[in-house]
Each structure stands twice: as C-alpha cells, then as structure tokens.
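Both complexes shown next keep chain A, but they swap its partner, so chain B is in the first and chain C is in the second.
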Partner chain A sequence: MSYLDLLTFARGSALNWALIIFSAGVVLRLFEIFGLGRKADLAKPRATTPGSGWRTIFTRSLPVQGMLKRDPVTYIGGYVFHLGLLFAIFFFAPHIEFFRGLTGLVWPGLPPALVDASVVSAIVALVVLLAHRLNNPVKRMLSGFGDYLAWAATLLPLLTGYLAYHHLLVEYTLMLALHLYSVELLLVLLPFTKLFHTFSVFISRWYNGDIFGRKGVAS
Partner chain B sequence: MSATIEKGINSFKEVIDAPIASFFSSCVHCGLCAEACLFYTETGDAQYTPIHKLEPLRRVWQQEYTLLGKVGKALGLSKPVTDAELAEWEPLVYDSCTLCGRCAMVCPVGNDMTYMIRKMREGMAASGHAPEDLVAATTRAITIGSPMGIKWPAVLAQIKHVQAETGIAVPVEREGADYLVLMSSMEIINFPEYLSALSRIFKQAGVSWTLAQDAFEATNSGIQIGASDLAREIVSRIVVAAERLKVKCVISPECGHAFTALRWEGPNLMGRPFSFEVKHILEVLDELHTAGKLRTKGKDQRPLTYHDPCQIARRGGVIEQPRRLLNEIAEDFREMPDAGVMNWCCGGGGGVSANSRAEPLRLQSFKYKKGQIEATGTQTLITACANCRIVMEEGLEHYHMKVEVIGLTELLAEYLVEEEKT
Partner chain C sequence: MKPSEKPGSVGAGLKQRGVTRREFLEFCTAVTAMLALPPSMAKVMAEAISGARRQSVIWLSFQECTGCTESITRSHSPTLENLIFDLISLDYHHTLQAASGEAAERARASAMKDNEGRYLLIVDGSIPMGNPSYSTIAGISNYDMLVETAKGAAAIVAVGTCATYGGLPKADPNPTGAVSVSDIVKDKPIINVPGCPPIPVVMTGVLAHFLTFGSIPELDDLGRPKSFYGETIHDRCYRRPFYDQGKFAESFDDEAARQGWCLFKLGCKGPVTYNACATAKWNDGTSFPIQSGHGCIGCSEPNFWGAGPLYKALSMPVSANTAMLGGAVAAGAAAGVVITWHNRSNKSAAKMAHDKVTVQELTREEK
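What follows is the complex of A and B.
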C-alpha cells in the first residue's frame, strides 16, 4: 500500500466512518443527557429571567473575580489552547475548502502565518497544561486514563497538521494521511470522552445560569 | 427504614437528571473548583476538591446512564460503588461541603456542584452514611419539632420575656395576619434579640403579623442530611400553618438554609406551588424601608462590615437589600473582599456546624473568613443568619479575635424611631 493509497483511504472510507461514528455518538450522548429530563421547578422564580441560561453560556467564558490569579496557568493555557485550536480548525484556508466540500458553506480564512502561530501556541499550551496536570495535586488526583487519552488525541492533529504544512519529518503525503487519521481518531473519541464538553458545555452552562437566574443571581 | 447500599444506589439513580448528566459530561478535570472551596484553600488537601466529592455519584451516572458505562458494567470492567466507599466519602460529602455554591460560580463549564451534593446526600442518607449528629438533629426535628429539641413552651417563655421587655404584645395564632413569622432554634436559644427587634420594627411599621404554635421553627435539617421525605414533613408544618392562618407571606428568619428549604425547595418538596409568598426577613425590612414605613434615626459610628450568608446571597438572591439597610444606619460600612455573590462561607453551613466531627476542619477553614474580616479593619461584623453568627463567634473566639457579631435585624432595631409623638 502506497502513501497515496493511505491518503486516499483516509480521505474516503475512513473519514466517512469517523464522521458517522462522531455524529451518531454526539446524538446518542445528547439523548443520554436530555432523556433523563428534569422536574419542573415549582418555586416561583424571583423574577422572570428570560435568557439567564443563555447569558451564562457566554459570561462563563471569563474568570470570576480573583480566580485568574489563583490558577493563571489553567486560565491562560486554556484560552491560548482553545483559541489556537479554533483558528486552526476553522480559519486555515485548506480546512475551509474541506468544510465547503462537506457543507457548501464558505467563510474568509486567516493568513497562514497567523494560523501557523496559533497552532504552535496551542501545542505549547497543551504541553504546559499537561505539565501542570502532572504537577498540580488536585489535577493529578482528578486525572485518569481518559484525560491523558483526550490530551494525546487533541495534540496529534495539531502536531501532524503542523508537520504536514511544513513538510517536516516524513514525506508530505504520508504526513497528510497521518493528519487525517489523527483527526478521525479525535472524531471517534470525542463523543465518548471528556472531549464531549465541546457540546455539553453549552448545556451545563445553560442549566447553571438557569438555576442561579431563578434565584435572582447572575452566574 | 433500614439503610442499605442498594437503597443508596437506587437513590443516586433517582436523583440523576439532565442537569447532572450534563455536568458530569462537561467536567474536564481542570480542578478550578478546588480554588473556590475554602476547605481546599485552607488545607491544601486535594481530596476537598468539590467535583471529587461527587465521584461515587459520577460513577453511578456513568455506569447506569451512558452507553459506554453500561457496556463496561456488562463486561465487568467497571468498579461498582460499594458501601465501604460511601463510608469513606461521608466526610467529604458532609463535613467538607457547606453547600455554599462558590464552586458553582467559578466552574468554567458551568457545573453546579452544590446542586449535585444536595442530591447526592439523598443516597448517602439512604445508605446509612449520614453523620450521626445530623441524623439525631433530624430525628429531633421530626419527633419534637425542632432540631435542637425546642418546644412551644420555650418559645412562649421567650415571648413573655420580649413582651415584658418591649411592652409590645407578640401576636400568636392570629388568623388573617399579613405575615407569619418563623424563627430558627438558634434564635430561640441564643439570640432572643431577634424576636424583640422584630416586635419593635413591626409595631413601628404597622405590620400585621403572627407566630404559629405548631410552626415556629424555620430550620429544616431534612435538606441538610438529604432526606426529602423528612424535609417535606418539616416544611409541611409551615405550609399547613400558613394556610390555616391565611397569611399572605411567610417570613424566613435570619437563617440561611431555612430560606433555601422554604423558598426554593419548599414547593418542590410539597409538589405544588404555595398560595403565599416566602420572603427572607431582609427582603421584608427593605420593602418596609423603601415604603417609608421603617424610619431610623442616627447612625452607628463603629466601622462595620457585612458577611453575606451563602444561602441568602449567592443561593438566595438577597444581596442589595442588606446594603441599602446598612447604609441607612451605619456611618462607616466597609465591604469585605469578594463581598456579595462571591463571598466566602463562614464554614458552618449545610449542616457542617451541627456535625461535631467536622469541628476541627471547620475551625481550620475559618481562617479565610478571618482574613476577610481583618482586611476590613473592623471589629463589628453584621450578618443575617443565626448559624453563620454562631459559627463566626466560635471561629473568632478560636482565633482570639475581638470582633462582635450582630444580626442585621437587631442592629436596625437599635436605630428605630420609636414612640413618635404626633
């Protein structure tokens, strides 16, 4: 099997299967959450607070007063990683082309140098966050196999993408194939690991905002 | 009603709902909740990380309500939650969580750990892993009518005392009154000033109010221990009395969890909305003040600060009211760092103060409050929860601090314009 065959398979059947598992997994997990339902709150809310849940989805992206200095590594590392990843996935011209093929939608990309910098920043942030996870007693205690698996599965697409773009280490075709396989691995793992927070974060933040909002507190 | 691990696990399964499933699904193990918890910040012990306290509940969720977890369980790959494990977790769930809700405000993915701990305690109690002292307090609340074993004659004695002191009749069982006043055991035993202050304030404001013989106790250890059936029984006494006396509003006293029990959990425990309103005393006082019915004279010259009880502020939404009232009667009111919704707990809420086993940890964790008070440079601490008050008084004594703790209602009564001549 040549590198090209590997790439062809990665772009074809493997990608299709990964997308199917990803989509089905996400739908299943959403059903698992919403299927449990919740009882109606019979306590009269303090004020009608339409949108308190939606508001928290946004406001919770910022640290509460005093928290940034309690754990700057987690906050800053978290921002750098998430923004870097976002830029890399959605604003790299070849990726936009890929999404156009999938959905027909097009949007402007960022200059390659900026995407490149954001990828490097994201990789550095991931490494720093791993070191922090291993050193911080709380994080170390909370961490298990799933955390390290999620970390590796997130790092690989960034790393292989960077290496492929710069034609480093191995032949471009092979690296591109590896990049695609790593993305597919990430897609398959996402619904079934903590990476599912990509979706569930909107739900949990909404509930948090709703619970506090009914009591008249903006959370 | 013997407690068994099966009952505990079943109870865990029952309480897990969509919010809890979304919370566990979202947790990325960042550990930031630990930084918001005074039991962690003051001990540095990782086991006090809020989300870690929920680990048995999380495993039940995973094994029962996720496909992967069910497969793992069927293949015998997952670790079942055992009785010994719940025994090990008991101090984490009860001794080191005051249900203060600070972690729920900082979690980046929006997990409400307090919501989960409250529910997890249902399973802990059902499996026989609730602290002895809380079990005893709840038993007293059910059999005697008050967690501290107080009966109506003790209240009556206090009423007589207040009447003699103030010359104001304390109304009892007055049908059609606007307000039904409740008290906490702590106020009946330790802080009789509360009833006296209320009598004077309500007289001046012309408020129609009453006490009820069979529903004077506002506290509800059922919600602290995590026994909804008992919590319902305790809260139903108040509901029955309020409906019998046809009051428009029930006033929750200066007590944090009593407000949560009645205002937020009450209708859900009863399974129906209330026909009357529930307000915290600070809300009522603020309304009277805004309406011009509560007139004060002079200002307290002492530098003073205010401790926000968690269940009143962060979990209750009563934040501006005490500040408006304090600014009216205090010349030098100073806010603590993180005051308001992000205030730090006294360390004794959620049943911790009633749990003697937790005392050393509680006193150690009080260091944070100590620092907050010291930062204001005041020696007068105002609050609106009798439990916070006693917990802080003990903490202040433990650390040899000369700080006086006063209830806001009581302070307000000191500056009341009384016996106005017209």
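What follows is the complex of A and C.
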C-alpha cells in the first residue's frame, strides 16, 4: 500500500465511517440527554427573567470578575486554544473545501499565515494547559483518563495538520493521511467522551441560566 | 582509432546521421542537469556514450495505449528517433519495427541470444493475470513473454504507470487482473518510470545514465529514479506562491484562473504527486498541464485513477455526502428513541418499586 492509497482510504471509507459514527453518535447523545428530562418545576418563579438561559450562554463565556487574576492560565489558555481551533477548523481554505464537498456550503477563508499562527497558538495553549493541569493539585486530582484522552485526541489533528502544512517530518502525502486519520479518531471519540461538551456546553449553560433565573439568582 | 569512431559505436552512428559533437554535448549537459550530476559529468557522459556499443534494447508492449511510445518518440533534441538509431539498437518493438509476424519474433529471439545478460528490457503496459488470452503477442501471453525476456536482461525499465504500478487497466474493478512488471519479476533491477505518459526526457535520462555508468540510477521506495521523482509537482510549481497566499481559482475560466492563481480548489493533485513535469516540462520544454491551466491529475502515482474524483480538491471527501450524513442522523435518532424509551421505562420501574414511608412507620430510636 502506497502513501497515496493510505490517503485515498482516509478520504474515502475511513472518513465515511467516522462521519457516520460521529453524526449518529451526536444525535443519539442529544436524544439521551433531552429524553431523560427534568421534573417539572411547580414552584412559582421568584422573578420573571425571560431570556436568562440565553443570556447565560454568553455571560458564562466571560470570566467572572476577579477570576481572570486568580487563574489566568486556565482562562487565557482556554480562550487561545478554543479560538485557535475554531479558526483552524473553519477558516483554512482547504477545510472550507472539505465542508463544501460535504454540504455544498462555502464561506470566505482567512489568510493561511493567520490560520498557521492560530494553530501554533492553539498547540502552545494545549501544552501549557496540560502542564498547568499536572502542576495544579486540584486540577490534577479532578483529572482522569478521559481528560487526558480528550487532550491527546485534540492535539493530534492540530499537530499533524501543522506538520503536513509545513511539509515536516515525513512525506506530505503520508502526513496528510495521518492528519485525516487523527481527525477521524477525534470524530469517533467526540460523542462518547468529554469532548461532547462541544455540543452540550451551551445546553447546560442555558439550563443553568434558566433554572437559576427562576430561583431568583442573577445569571 | 578512437573508440567513438569504431564502427557500431554510438559515436560512429551519430556522425553518420550528422549529429555534431556540439549538439551531442548539449544533449549530455541537459541530461546531466536532469540527473542532478555535476556539470563536469556532461563531457564524461558524452565520451562514455560515444565510445560505447549501441545498447541492445528489447521493448515489450502489453496492456497499454501506445501513449508511452507516442510520448517518447516526441522527446526533444536529439529526438528519440536519433536515440533509437544512434544510442541504442532497438531490436524489438512491435509498434515501431518494420518486421512483423514470425520475423519480428525471430528478431526478439536472436537479440536475446546474442546479448544474453546484457540487453535492456523496456516494458510498457500492464500484464493481465485474470486470463492469459486477454492480451497476447504472436500467440504468446504477456506473462510468458515477460518472464522469458526478463531472464537474460541486464536491467528492466518499466515505462508508464501501467507497467510500473498497473495503471488504468488495474483501476477498480480491474477486469483483467492487471499487475505491474515488479509484481512478476523479482530477480532483476527494475527502474520504474511512471507517468501517463512519462516525460520523454526522463526516459532518455535513464537510458543515458545506464549507457554512461552501466548501472541504474538511485531509486526511491517505489523504484523511481530519485533525480526525477524526488520532489512533488507542488514543490516546484510556479503557482505555489498563490497557494501559500491562499489565492485560488474557483473555476477554469474565472479572473483568478486568468491571473494564474493556484488550481488546488479545481482538484490539482500536485501536492501528492512526485514527478518532474514542473521542471522538465513537455513538448521541448514548452509547458506542463498546470501551466496550461489544468490541475495535475497525479498520473505518475500508484493507483492514481482510484484516488478520488479528478476535479475534487485534495481536501474534499472522496464519497461522503449530505445524504449519507442524513442517514446517519436518522439512525442516531432511531437509536436515541430506543435508548430514551429504555431509560424512561427504567425510571418509571424504579418509581413503581419505590416504597413510600409514612410518618407512622417511622420509629424513633430511643437513645
């Protein structure tokens, strides 16, 4: 099997299965979460705060006053990583072609140099956050296998993408195939690991905001 | 008498055909550059080739389209017509030779006998293993002819993607069970010169190397001469600065295409294709596909024909589509309904099984 064959398989059957597992898995998990439901809150809401769930989605994305100072690494690292990842996935021209191939949708990309810089920042942020996690006793105690798995599964596509783009380490064809395989691993793991927060984070934020609003707590 | 003046030598043949020493030296200079040899080697090459006896070559054509022969007979100055008659002695090539039928087969047999262990075997086309009768020459199956002729060869040059990797005949579903030369011959040095067709100057370069050094050039993992296949089209593409700046043509005739922007989005496979088109170019160095506005289709890579649609960008999925995703979502939803139903019945079963405790039932533990 030549490197091109590996790449063709990565773009073909392997990708198809990864996408099928990913899409079916995400929908299944959402059904599971929503299907469990919550007991109806029969109490009269303390305050009528329409939209408090939606507001919380945004407000919780900003650090609470004072927290940025108390834990800058987590906050800044978190932002840098998530934004870097977002740019890399959705604004790199070849990736937009990927989405076009899949859905027919197109949008303008960012200059490759900018995407490159955001990928490097995301990788650096991931490494710093891991070091912080290992050095901070509380974070370390809270971390389990799932956290490290999610970390590694997220790092691999970024790293292989960077190496492929810069033609480093191994032949481009092979690195591109490895990049695709690492993305496929991420897709397969996402619905069933902590990586599912990609979808659930906004649901839980909305719920928290809404329920606290009803209880009269500012969100 | 100098070796290059001896009758039967390449030098004598060149002289007879009016090729001047200067012209020949120019050719050698071009070839040494292509082979990444130091410029001083041009003279050595010219001397060595002029003094050598014309190399006996047997050319076998199997499941092919004759495009490789077409390509090679258009190789630039000195053209292969010169090369055939001056550098080598093409003892058998069923498209080009005058003899036919039994006379042709006799030519092959006598070349094999006379030059046992010394002749060069060139093969274009793949070999059908599904059924020997899919392709025969003079009633001899391609497989038998290859095995028989390979036995006494000094080295084999597999020309074109069919002979090197199976090529088009091997494309799914491979109806003839096509295989490459290296799938069959295991005990001879094989130089793979892939391409559909290969660049003529690569062929002449490989021949010149063999004539000069009596050995084959350094090869990569896929058996290709490193000097010609060491870099990708993308590495040497003149549109590369546009790729790096993210400037892409969106269609074959838009303004961006006219400005010479990168053809990645139009399906160019240059980034994963190892060949010398961007530097050696075609038609006497005139141009190459990307220069004439079409993306590289990756024709010199193994199984290129099955490597996804030609006009889909390299980063696009080969076959995944919205319908497939829709199906997966529906399957996920169906599984989700089943799981929800299961969870809910668990929940109500737990509720049913729950014994309520009344205040009366509670007893105070006396201290």
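As a convention for this text, the second predicted complex is superposed on the first by the 218 of 219 C-alpha atoms of A that agree within 3 Å, B and C clash if a C-alpha of one lies under 4 Å from a C-alpha of the other, contacts with A are read in each partner's own complex, and residues count from 1 in each chain.
We adopt the following convention: a contact is a pair of C-beta atoms (placed from the backbone, for glycine too) under 8 Å apart; a residue touches a chain by one contact, two chains touch by 3 or more.
Please read all numbers here as calculations on a predicted model, not as lab measurements.
When the two complexes are superposed, the chain touching more residues of chain A, out of chain B and chain C, is B. By the touch criterion defined above, A:Glu32 reaches both chain B and chain C. In the superposition on chain A, no contact is made by A:His166 with either chain B or chain C.
With both structures placed on the common chain, the touch criterion links A:His82 to neither chain B nor chain C. In the superposed model, A:Ser200 lies in contact with chain B only, and not with chain C.
Once the two complexes are overlaid on the shared chain, A:Lys44 sits against chain B while remaining clear of chain C. In the overlay built on the shared chain, the residue A:Gly12 is in contact with chain C alone; chain B does not reach it. Using the contact criterion defined above for the overlaid structures, shared-chain residue A:Gly66 touches chain B, although it does not reach chain C.
In the superposition on chain A, A:Gly216 contacts chain B only, with no contact to chain C. When the two complexes are overlaid on their common chain A, residue A:Phe192 makes contact with chain B while staying clear of chain C. Shared contact residues on chain A (touching chain B in one structure, chain C in the other): 28-29, 32, 34-36. Those residues of chain A lying in contact with chain B across their complex are 28-29, 32-39, 41-44, 46, 56-57, 60-61, 63-67, 70-71, 74, 78, 136-143, 147, 192, 194, 196-197, 200-201, 203-209, 211-212, 215-219. Put simply, chain A touches chain C in their complex at residues 2-5, 7-8, 11-12, 15-16, 19-32, 34-36, 93-95, 97-98, 100-104, 109-112, 167, 172-173, 176. Chain contact summary for the complex, chain C toward chain A: residues 222, 232, 234-235, 244-246, 248, 264-265, 271-272, 298, 301-304, 306-308, 312-322, 324-325, 327-329, 331-333, 335-337, 339-340, 343-344, 347. Residues 16-23, 25-32, 34-36, 40, 44, 46-47, 49, 51-52, 65-68, 104-112, 115, 263-268, 270-274, 277, 313-317, 319, 337-338, 341-342 of chain B are the ones that touch chain A when the two sit in their complex.
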